[in-house]
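Look for chain A in each of the two complexes below; its partner is chain B in the first and chain C in the second.
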Partner chain A sequence: MISYNTAIVLIGTSILGAVSGVLGCYMVLRRRALLGDALAHAALPGLCIAFMIVGARNFVALLGGALVTALAGSWMVTVIPRRTRIKEDAAIGIVLSVLFGLGIVLSRMIQNRTTEGSKAGLDSFIFGKTAGMIAQDIYVISAVGLGVLALIVLFYKEFKILAFDQDFASVQGWPVLWLDGLMMGLVGVTTVIGLPAVGLALMAAMLIIPAAAARFWTDRLLVMIILAGIFGLLTGLLGTAASARWANVPAGPVIILVGTGIFGVSMLISPRRGVVARGVRHLRLRRRIARQNLLRTLYELSEAQWPEATRLTPLDLMKERAWDPAGTARLVKAGLREGLIEGDADRFSLTDTGWRDAAQVVKVHRLWEIFLIEEAQVAPGYVDRDAEQIEHVLPPDLVDRLQARLVELDLLPKPLREVPERHAALAPIERVAGS
Partner chain B sequence: MIQWWNSLPIHVTDAIWTISVGATCAIACALLGCYLVLRRISLIGDAISHAVLPGLVLAFILTGTRNPVPMMLGAMALGVLTAVLTEALHRVGRVPTDASMGVVFTSLFALGVILITVYASQIDLDPGCVLYGLIEFTVFDTIGFGELEVPRAFLATGATLGLVLAFITIFWKELKICSFDPMLASSMGISAALVHYMLMAMVAMTTVSSFEAVGSILVVAMLIAPGATAHLLTDRLGRMMRIAAGAALSSAILGYLGGVWLNTSVAGMIAVVSGIQFALAAMFSPRYGVIGKAVHNLRMGLQIVREDALGILWRLREREGRASISRPELERLLGAGWMTRLAMRGLQSSRLITASAAGDLALSGAGREEARRLVRAHRLWETFLSSELERSPQNVDESAHRIEHVLDSDLADRLDHRLSHPATDPHGSPIPRDDADDSLAKETPAR
Partner chain C sequence: MISQSSEATEVSASAKCAADEAVAKAGPLPVTVRDLTVAYHRKPVLWDVEFEAPEGRLIGIIGPNGAGKSTLIKAMLGVVPRASGEVLIYGESFERRRRLVGYVPQREAVDWDFPVDALDVVMMGRYGRVGWIRRPGRADRAAAMECLEKVGMQEFARRQISQLSGGQQQRVFLARALAQEAQIYFMDEPFSGVDAATEKAIVSLLHELRDAGRTCLIVHHDLNTAKDYFDDILLLNMRVVAFGPTDQTLTSENLRRTYGGRLAILDEAASALANARR
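Our next item is the complex of A and B:
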């Protein structure tokens, strides 16, 4: 059974995680991932100034002050690259560190003036005092979180345009500057309420990691937002739960590492953009190309004797294609397994299936060659040498013409000439449609 | 020498040592920062300064001492690892660079904080100190060299500055080429990747040696701000580095003085001073500053109004035979406004126009020369456009009006020669020659 305190912290971090995951999507898509970090640091001087003015720990005033300098920081990050030759990365770095420095200066001055230990307050601001969350924090976080989510739903279309094509948005007459300001305001508010709870480093991470993880799974904004929200929520939940087990480990870093874990898993196993999936696709492609290369080589070495099958050795293949022995042996083994060749690994010849497949591969290859040689002026838009089936890439009448040229030049693979009807895929589509 | 030094009051030597610590790490950071700013990878400085934390802790755990050498090596390894991981996530995972950097450094930083708390009993690394540094306390931790007490931190930052200087001197050409044109570097057989990772290792080392003094966030200000300030002031790499180093040195001195004066964090103050330096450069840099650019535009604008005024006076005399014009009328023709008034004042003070007792304005001798040059450029260009480029005479005035301000007399002479010395422009107005007397102007009919 979890204690009341743990429950409070669980709820707080997961709501915060969900909201910043959602907002982070826009930051990641707009290549502004590190702006959240800058905002978080820029909040410090505002917090100190508000503390100096209001004096006591007036929660709302402190957050208001923090928000003001955070937004001023984000404004500077946009203005500096526009008005000077300094690029955005340097602008972010300068704003982040200089405003943080100002915050340190101010906070030390506060510490000197007041006798009460406000250094603890500052430390919790930087590292977060996750375990010290109270019910009031939850109310603030939930209220702000709901408000932010509501605004995101309300301005969904506008933010979407902003995220993907800002120029288009301004051409269409959207008030880009205001929308941008609103978006930064939302990020600022979320950052500022999150800071005392989870600290600087965690806030930056929460804005980046769930969104970057969600990006692996989808190309659609809505799905990405929902996923990032869920990832953020999970990060908060699991991280808090994990840190509750070890008493003296601060929750913030554990939460970050849980997020990193989710990110890592997403990067590995997501079906389309994941590393494993892309590796498998890459491997398949390589295998397909290797098979095609084997068939073509076998065909070219056997063509003269057709229809008699030529007995070949690995050495023949290696001489023809400059392959290495190990790779050749692997290819031959694969060919035997697939029934393309018969015999053993040292002496083999094409089977009937082998002849047919090889002839097909060679024909497509020669069609491509003819295409590149004779129709080269249209080639650049169409060149996709890997296409197994040329008719998917080129218009049917062109394939027909190329095939006619192949016959004319006596390059059509012999096994195909003897086949009474032409390969269905190569029959002109009009004729198929007309019959 | 040492005796004289030791005879100084303790607060003076402390101040000098503190400033020296600040200045050495600020200069080392600023020199490396120039490359980061130029290559637009400033934020890798931020990332590395956070990510070296686990390297420090691991080195400490493995060796069990606070010996700076293994700690530096651990930090350098982590610095390079940050760069490698960022690149790997970007390349293998197709994550945008900024996001991959964010993921990598926050994760490594989190790992470092956890390691610190787990091994807290053995390490006196205060995470707070790592973040914002306590340069004021560096003078309390000294090593004696005979009579001389040298702060330990100064040894670290001084050695780092020496290494950075050596690194930059040895790899000056490679670093320069890789910063401006990595493609060219590769084609010349310089491994841009190797240079990049060496730079990252140096950044990590510098960051770590600055930790004690200024902490991991303020070191970012030291890395980026002086380089960016210098980038606003010059286009040459060598000068950029000298300016950046100068800015770093002055930020350390002023930061210390400011910090002591306000009784606050010296490290924070150094960052604030570098921020102010950057803001000043962004405003007032003659070529790239906001105000510098505005001044430049204003001067261009004034020059154009002045030249327009001269042109009006010339044409007035040519067409109506009037040598002078009342001030309000000329201002009306130019479009009244403060620019016009300012331009008139400029013309009078440079004696290009003279005012009669009644307040009427006329061209002076020098003004007439200047006006002739302008009108000549204007009309030659019109002739060129209509005869050589076959534009209709109605469409040439606008272009000529713009180009007369930039067409110098040499180019005008060439145009004149090319067009075989035409007497009139497409509108029939005479093209003034250098040797023409003023009588020419009187006999021309209005167009």
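Our next item is the complex of A and C:
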């Protein structure tokens, strides 16, 4: 069984993970992903000063010290870009390096002055050490974390408009500078309470990774925030549990590795934005385009003989299109398998199904061409040549007009005109104007 | 305020405070700008801008690139700090009357990959009325849907905004401004990069707003269409070159003073305009 202390630590890091994940969404969406990193480093000088004054054992005082310089850092990041020509990324860089440099100097001074034993308290903030935490520490972390979460819930609407369109928010009268300051401050607070658990260098990952993973799964802000909270919670929970199980591994890196695992899985398998889904979609699209091209080519080579089938060879197709022999063979094979053509790989002709599908594809392409030539100045935004059913994209009266033009220009594919005896089974496909 | 806003569902029946209505009747003009100067990092970009916009007019703000057109409306709206001058909305400072003002920023101003749908964006137009902490309610949602309908985008309400075309995105921005139920609309290049269907939709929307007594200040870059779209023109190049009814303002002389005759094509455009009037 896990000890009471371990259980408390698990709860604490779970809350911490959830808060970081939720807040991280805004950082990721506002392209401020590195802010957490800057503030974590900015916390070091305050931490050292507090250590010098009160010593290692006073957890709250150390957090308070760290918070002072972290908040000073977030204030600088908010104000510098507004008051000077320095851009936000540069401001983040300045805050990170200057305050961290100061912190390193201070920590060296401490190192030279004190014995190893008492310095350990400081080290645990820099590298993160959940094992050394006591219940009291966790209560502080949890209470502050829940407070931050409550504020984010409370100001959901305000933060949403701030993140999406600051100027519009300011025209409506929202005090954007204060809201921005509040958000930065919350990041500062969250960063500081995260230090004892994951350490200074890795706190940024707690803010970024769950949010970035959540973005893969959804296009809705609220869902993204909830997911990021859950991912963060799992990250904290599983990471701490794992590091407790293998006592020699520090919690911070394990927590981050768990988060990275969640991120990796999200990146791979999320249904819309994931790498695999994108790959599959791309492949499907290519296959559909290849099939359409095959049908169009077959149709154009066979049209003159309609309704008699024209015997064709792969070479005939290659002469029409810039296809290589292997690709052509693959296409022909697929056509045979789908029943679009009959015969064998060397000599083949359109089947009834092939004629019908080909005529349909050709018709749609010709309709779009007429649309582009004659109507597109009204609405070029509508053009969607891949749409197999033009009727789904354009208003019906426009489709009727286009079909009429198709008939007028004698471009309506022959299988869709009259239905000769042996093709009666095919039946006219749909409303063909004038027929 | 909140209960009023929930009843208001049409631009023509917009929720105005009784007091605002009284002011509007009593006479102060919708927009008065006096002595407005704006500086970026010590370098003034707008000098002594003064004009008064009459009610129920479509006013085009025209000028070359870098003339400060966007800066002008941003300064009027307090987005960009003013170095001097005042902006009155129906006789009171903008800060007091911001509820009467709707804003359509440039389309490029936001990240369209943001995880919100069209309806979410339009709902943001209601936030100013909803106030701190509270969540927009069902009435706000209905009002936002109606604004989407006005721009012909109701079918796309649940579409993520990156999945919309440029013209559709612009219409969503317009719908968001409509959701503000304002008296005066500031629009930054609403016609830039939109398809013909959207252009038509915007023009008819502007006419609708004008007929309902709304005043629109619209930054515009295309001289050729300016004379068809706007009742009044403000020619701007760091200062106001000319302001008045379109046919009196868009003269070749004024255009030369605005554009400095730098581009031959503008001379042509100016003479084309002059010929068209003859």
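Here is the rule we use: the second predicted complex is superposed on the first by the 382 of 435 C-alpha atoms of A that agree within 3 Å, B and C clash if a C-alpha of one lies under 4 Å from a C-alpha of the other, contacts with A are read in each partner's own complex, and residues count from 1 in each chain.
One rule holds for everything that comes next: a contact is a pair of C-beta atoms (placed from the backbone, for glycine too) under 8 Å apart; a residue touches a chain by one contact, two chains touch by 3 or more.
All values derive from a computational prediction rather than experimental measurement.
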Now for A:E158: first (chain B), second (chain C), both, or neither, which partner does it touch?
-> second
For A:V171, decide between first (touching chain B), second (touching chain C), both and neither.
-> second
Once the shared chain is lined up, is A:M109 touching chain B (first), chain C (second), both, or neither of them?
-> first
Which partner does A:K87 reach: the first (chain B), the second (chain C), both, or neither?
-> first
Which of chain B and chain C A:K333 touches, first, second, both or neither | neither
Of the two partner chains, chain B (first) and chain C (second), which one does A:K319 touch, if any: first, second, both, or neither?
-> neither
Check whether A:R284 is in contact with chain B, with chain C, with both or with neither, and answer first, second, both or neither.
-> neither
Please work out whether A:I256 is in contact with chain B alone, chain C alone, both, or neither, and reply first, second, both or neither.
-> first
Scan A:L221 for contacts with chain B and chain C and give back first, second, both or neither.
-> second
Determine where on chain A the residues touched by chain B overlap those touched by chain C, and list them.
-> 31, 85, 215
Footprint of chain C on chain A - complex, ascending | 29, 31, 85, 154-158, 160-161, 163-165, 167-174, 215, 218-221, 223-224, 377-381
Contact set on chain B toward chain A in their complex = 36-37, 40-43, 45-46, 50, 89, 92-96, 98-103, 106-107, 109-111, 113-114, 117-118, 120, 127-128, 131-132, 217-221, 223-225, 227-228, 231-232, 259, 262-265, 267-272, 274-275, 278, 282, 285, 288-290
Which residues of chain A touch chain B in the complex?
-> 28, 31-34, 37, 41, 80, 83-87, 89-90, 92-94, 96-109, 112, 123, 126-127, 201-202, 204-205, 208-209, 211-212, 215-216, 248-250, 252-254, 256-257, 259-260, 263, 267, 273, 275
Provide the residue numbers of chain C that touch chain A in the complex, in ascending order.
-> 41, 74, 77-79, 95, 98-99, 101, 103, 105, 109-111, 114-117, 120-121, 124, 127-128, 130, 132-136, 160, 165, 167-168, 176, 180, 186, 195-198
